[in-house]
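Shared between the two complexes below is chain A, which has chain B as its partner in the first and chain C in the second.
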Partner chain A sequence: MFNLVRRIQGGVHPDARKDLSVGPEIAYLPVPERLYLPLRQHAGAEALPLVKVGDLVLKGQLLAASPSEVSAPIHAPSSGRIVEIGPILAPHPSGLNVNGIVLECDGEDRWIELDVPADPFSLSPQVLAERVAQAGVVGLGGAIFPAAVKLKQGTRHEIKTVIINGSECEPYLTTDDRLMRERAAEIVEGARLIQHILRAYSIVIAIEDNKPEALEAMKAASAHHGAIEVMAIPALYPMGSAKQLIFEVTGREVPAGGRSTDVGVLVHNVGTAYAIQQALRYGKPLISRVVTVSGSCVKNPANLEVLIGTPAQTLMDACGGLIGKPAQFMLGGPMMGTVVPSLQIPVIKGATGLLALSEDELPRKDVSPCIRCSRCVDACPMGLTPLEMAVHARADDLDSAGESGLRDCILCGCCSYVCPAHIPLVQYFQYAKGKQDERRGTERKNSYIKQQTEARAARLAEEEAAKAAAKAAKKAAAAKPKKEVES
Partner chain B sequence: MIMATLALALMGVLLGAALGFAARYFAVTDENPMIKEIEQLLPGGQCGQCGVPGCGAAAVGMVEGTLPVTCCPPGGMGLAEKLATLLGVTLDAGEMAAPRLARVEANECIGCTRCYKACPTDAIVGASGQLHCVLLDACTGCGKCVDVCPEDCIDLVAQEPSLDTWRWSKPQAA
Partner chain C sequence: MSQSIAAGPFAHDRSSVDRIMLQVCLALVPATLFGLVMFGWPAINLWIITCASALATEAACLHLMGQPQRRLLDGSALLTGWLLAISLPPWAPWWIGVGGSVFAIGIGKQLYGGIGQNIFNPAMLARVALLIAFPLHMTTWALPAPLFSAGAPGFLEGLSITFGGMPLTDSMVGATALGNLKTELTLNHTADEILSKSFSFWSAFFGTTAGSMAETSEFLLLLGGGWLIAKKIIHWEIPVSMLLAVFVMGVIAQQANPAGYPGGFYHLASGGLIMGALFIATDPVTSPVSRTGRLIFGVGCGVLVYLIRTWGNFPEAVAFAVLFMNALTPLIDRYWRPRAYGRNARGKPLVAAKWTSQVKEVDKV
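What follows is the complex of A and B.
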């Protein structure tokens, strides 16, 4: 059960600092005054609001529907009245706004009538996957990919193994650890439901070996179920990244540009498994999540179960408020999390953590030239050459950057972490990937415009031809009776 | 003697016909083939934002060197980079003018349908007596709608950055 030989390459061992927040049990935050719900808290298209300002809604009521397959609906986390539908501050480094719904809570927290199935295991996989879609469940490990889309892959690919991701490799975050210790039975049922939907052969619950209590709890909860293995994996960043986890657990490498289904595996976070279980067993939509509030600027770091849309300030106040001078606020972990402009942002579905970091906890800014020591090459978990990619990214040579590996970069930040010259490597790659997206967008628009121009020209030509044909027909019709009269 | 003359005459006719056929079939236009290639890459909306009438003229201008490769805002930086490699010119990584797209002022629109008939990419939706609206995905900012609007209620506006268009800027490092 214990992996003595680590199979993945690269990776780093940052100071985990999990002891700050892992002690206390998950605490429940009371219902806040207002909830701010961005219409896009998932990968894919923005949800479309179904309610109007002034509407009274119940807890769990559908507020916004998915317009397409790759999207997720938004539900009311508590009962109350809709006070605004418009731009709200987005939890995004740009400081821009996002379209959202503001819900003023009445404090009564009344549930809508839920559709509770008698036994979810008796329902067909398609019905269950559709229920997960309707519950708005997305990847709670931070990737926020709509869970139902992944679950529907069971009909298209043979899924041999479902991996439940309990690694939580990012420093500071302990939400999955506490979830596994306190709600192991529900997570195991969620895992079994996922296996049932995907018709997978087995389940592996992968937990990093720095979480012995979680390992014990999950082993106890899964003991009397068949085809579930609880595996301890070496604690390393980024072990929780899907491709790395798959390689460590199964020994199979996801091909470059490929997906995990290519090797017969699907990965779900423990939080997602819990949310799926709540949706399928109790009919509850995704309206709350556990968030780790941590960092050296937080007075009492802890894990809190909060309603989606709660302002970050409320969480910070519940943890005793700020101490010292925070230099940066982040949603998620410190390696791959989102920098947020202030605490006035809402907690969204993908917020695994809320961090208030001091100057000492941030990377140093004094940059010196690259000495080609290649520590970044040793550290890269994808086996790329960051020093080459950075040279091309700096020269804005996107094609060469792509060829030297930018396409496969997962933006984990291991390279920047180890660089002795403090070169902002992962920031160069974020910039380069952004430029690639921009280029793809313009190319797509240009070909669309060409299509439109040609279609319009064809339509006008058709109209001209139809007009001419009608004219000719009219002439022929006018000429005929004359001929008949004559003969 | 007659046979010799006839034989040579026949050869002359055959070779002449072959030459004529070759002249038609293998003809190469005087025009630089690069111009056609570049015209294929351009958006084709004939918007005129580059300063010359039409994408064909812009292609000619770029080949002759009278127009820079960054002259086409709808094409964006992606197009500029492609053209730079094709023409073998260096491209300084400066910012290009962001495309300005049309916007109908809903309060002033009378639903006359003139703008959507003028749009070369069908980017305006509307009907007689109904409000007209611009589909930004299809608009190139050519300005034809602005010219025909009797109420003067269409403007070309620069696009505000949104969460979809925001990108990380380049890290400033040594």
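What follows is the complex of A and C.
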């Protein structure tokens, strides 16, 4: 209400615990024996495998192609032999299997011949966007939305500002921080390539003010380029959410139900900018990423650059293994990450972190009734009333839940974080959103069936009418000569 | 409720309902101690019996409703009993305290479904019920007689006041500032005259006057309430807007007719206003959740307090005003939601057109 200083509303300050893993430089992991590659590591349709069991593949070779626009291909992270195409353990709390490709590495790590463009800046935006699509780059901040789709959409709008998201507001995670400190020049070039593709006017690299070294490094790397601003933004969760970041940087609010492009902005994560630079400058597909391995149950927390598909256990071993009694493993940060059933799951493109948390790092589970303290309302960065949404969601009243804010909810978890009654608000919202999707799907199906039935009825009626008309015409033709005779 | 939680976040600020309740109790300690000392043994007896019967009623209700007994430890019943006790006349007989607690917890809270479900503030509901049922006992105000001072009742005398039904002599009781003004105004004295004879702002502010058990020391209540605001246990909007509304109305009325109306400071330092604004109206269960809602709620309480005090039948008004606004809380919550990101105040999506333009179709990739 009294937003005199431009500042996002709500938000929380969770215990950052970034000091655990931020110290050491990014380390490289040797090629593991086997890589497990789920066919869907991105938002959208599952990729279609192009190889068969027994095939020998080279590092960077295309293994599975994207069947539609919103999808991403999968490449071989190392050279070796395909040993299995079928169900593998999914990086998902359910512990269910998903379709995937298992690659047995030969340890030689031989690259396929890469198509390296002379100067990416001389290529047209369309060609560059297509190359990003072919490299299988997805949003590496955790959203895993295919990067090329965003770039292509962006070219349809006037984009004023490209925001490179270096806020990294999730606790524990330090991948973006390390990446910015160590590979600033590459990130800046990636940002400039994105700007080139979108024909945007300016670039803002937004970094939370709790990362002074990263700010320094990015400023130094972008100093000799024009139209790049490195901006320190206050450390506040969920600053890294696109909507909040756009407001913080530009003062504009993305309209409800709209996209960033509606306000002339496109946001890409620093990791994505780096991957785009690698793809366009060196022709390298996305086959590895930096992962933070942290949590109080990890002996030596660190950031590792690992091949996609590496089993989580290998990462943990590289960090000295587990200490104490881990109560929970997670992919991603504690606020929005997913619980994983074991360390058998592979690292996927969207894995920002691998956490082993002890019991006392986790929240209490004793749920008590809501006392309407409205801390969730104060904490909500979207200006919603989570306590009301939860009441409606629990009662399966999806319309009222949507009305009271579920439609705008970004599932950031600020409300659950501050709830003194420990009510699992986000769980209710995810449930209700799932239900809503289900209902929308059914509605779509029903309306399609209705449309088809009506079309069929119309066609039959038309045929009937045509038949009748033909009959009448025939009759008339038969009657006509008679008349003539009569006259 | 399912305990196998698959959804995040897996981090928490370590707050809890019991800690919130206990912090509110803690904030009441200074004013309560002061009140107990000022009004001596009968007040101590009444405070103990009221809090204890609130806890006993809660335990009985939880048992009857088949809810876990550990809910007793969340502190909410203690707080309700405490708030009721300190809003009672300090030398009231024991059955006022017990009856009030049973009514507050049993009917005001548990009948609605327990913690978080009640529409009205239980303590104020009980206070109003008592006031209507036992007007004489609820308006017999003991004069302050600090513990161990010459005229103060001893321990045994205290017991017989609270439990023995010992009648209070005229020298022990007096009128509150609000009651006195009300009576005197009907005798055609001007407000200036009455106040200059009987009212001193500073003694009212620090609490050496007649009144409910712990409502008299505005200073200590402000101290406790200020601490709660600083700790973000309560929001500032309700107390500030409520007090401001009373103050402004008092000032305006006094400017218009100094003979008929006392000023804003008189109202702030009298009766249960400060206690009500900081500890009663801010009860989260029965107040709105949005900032605008809370401001409206606070102003509503303040205006009602002033109207009832000035023109109503009862000299004291906080309980009535808060209960009335409690009834409006669902309505306020419905119509004054916070503005959602990307929407205007009426909930419609913002318009994008002014920020960017669609590039021509030809340019599509």
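The working rule: the second predicted complex is superposed on the first by the 439 of 487 C-alpha atoms of A that agree within 3 Å, B and C clash if a C-alpha of one lies under 4 Å from a C-alpha of the other, contacts with A are read in each partner's own complex, and residues count from 1 in each chain.
Please note the rule applied: a residue touches a chain if its C-beta (ideal position, glycine included) is under 8 Å from a C-beta of that chain, and two chains touch if they have at least 3 such contacts.
Values in this document were obtained by computation on a predicted structure and should not be read as measured data.
In the superposition on chain A, A:367 makes contact with both chain B and chain C. In the superposition on chain A, contact of A:258 is made with chain C only, not with chain B. Contacts of A:129 after superposition: chain C is touched, whereas chain B is not reached.
Residue contacts after overlaying the shared chain place A:383 against chain C, while chain B stays out of touching range. Counted by residues of chain A touched, the larger count belongs to C, out of chain B and chain C.
When the shared chain is aligned, no partner comes close enough to touch A:342: not chain B, not chain C. On chain A, the patch touched by chain B and the patch touched by chain C overlap at residues 94, 367-369, 424, 427, 430. Those residues of chain A that touch chain B in the complex are listed here as 40, 90, 92, 94, 96, 98, 367-369, 394, 396, 398, 423-424, 427-428, 430-431, 434-435, 437-440, 442-443, 445-446, 448-450, 452-456.
Per the touch definition, chain C reaches chain A in the complex via residues 1-3, 5-13, 15-17, 19-20, 71, 74, 76, 114-117, 235, 284-285, 287, 289-292, 333, 337-343, 349-352, 355-359, 363-365.
Every residue of chain A that touches chain C in the complex is listed here, in rising order: 1, 9, 12, 14-15, 93-94, 125-126, 129-130, 152, 155-160, 171, 243-244, 247, 252-258, 261-264, 328, 330, 334-339, 357, 361-365, 367-375, 377, 380-385, 387-388, 404-405, 408, 413, 416-422, 424, 426-427, 430.
On chain B, the positions that touch chain A within their shared complex are 43-45, 74-79, 81, 93, 120-123, 137-138, 140, 161-163, 165-171, 173-174.
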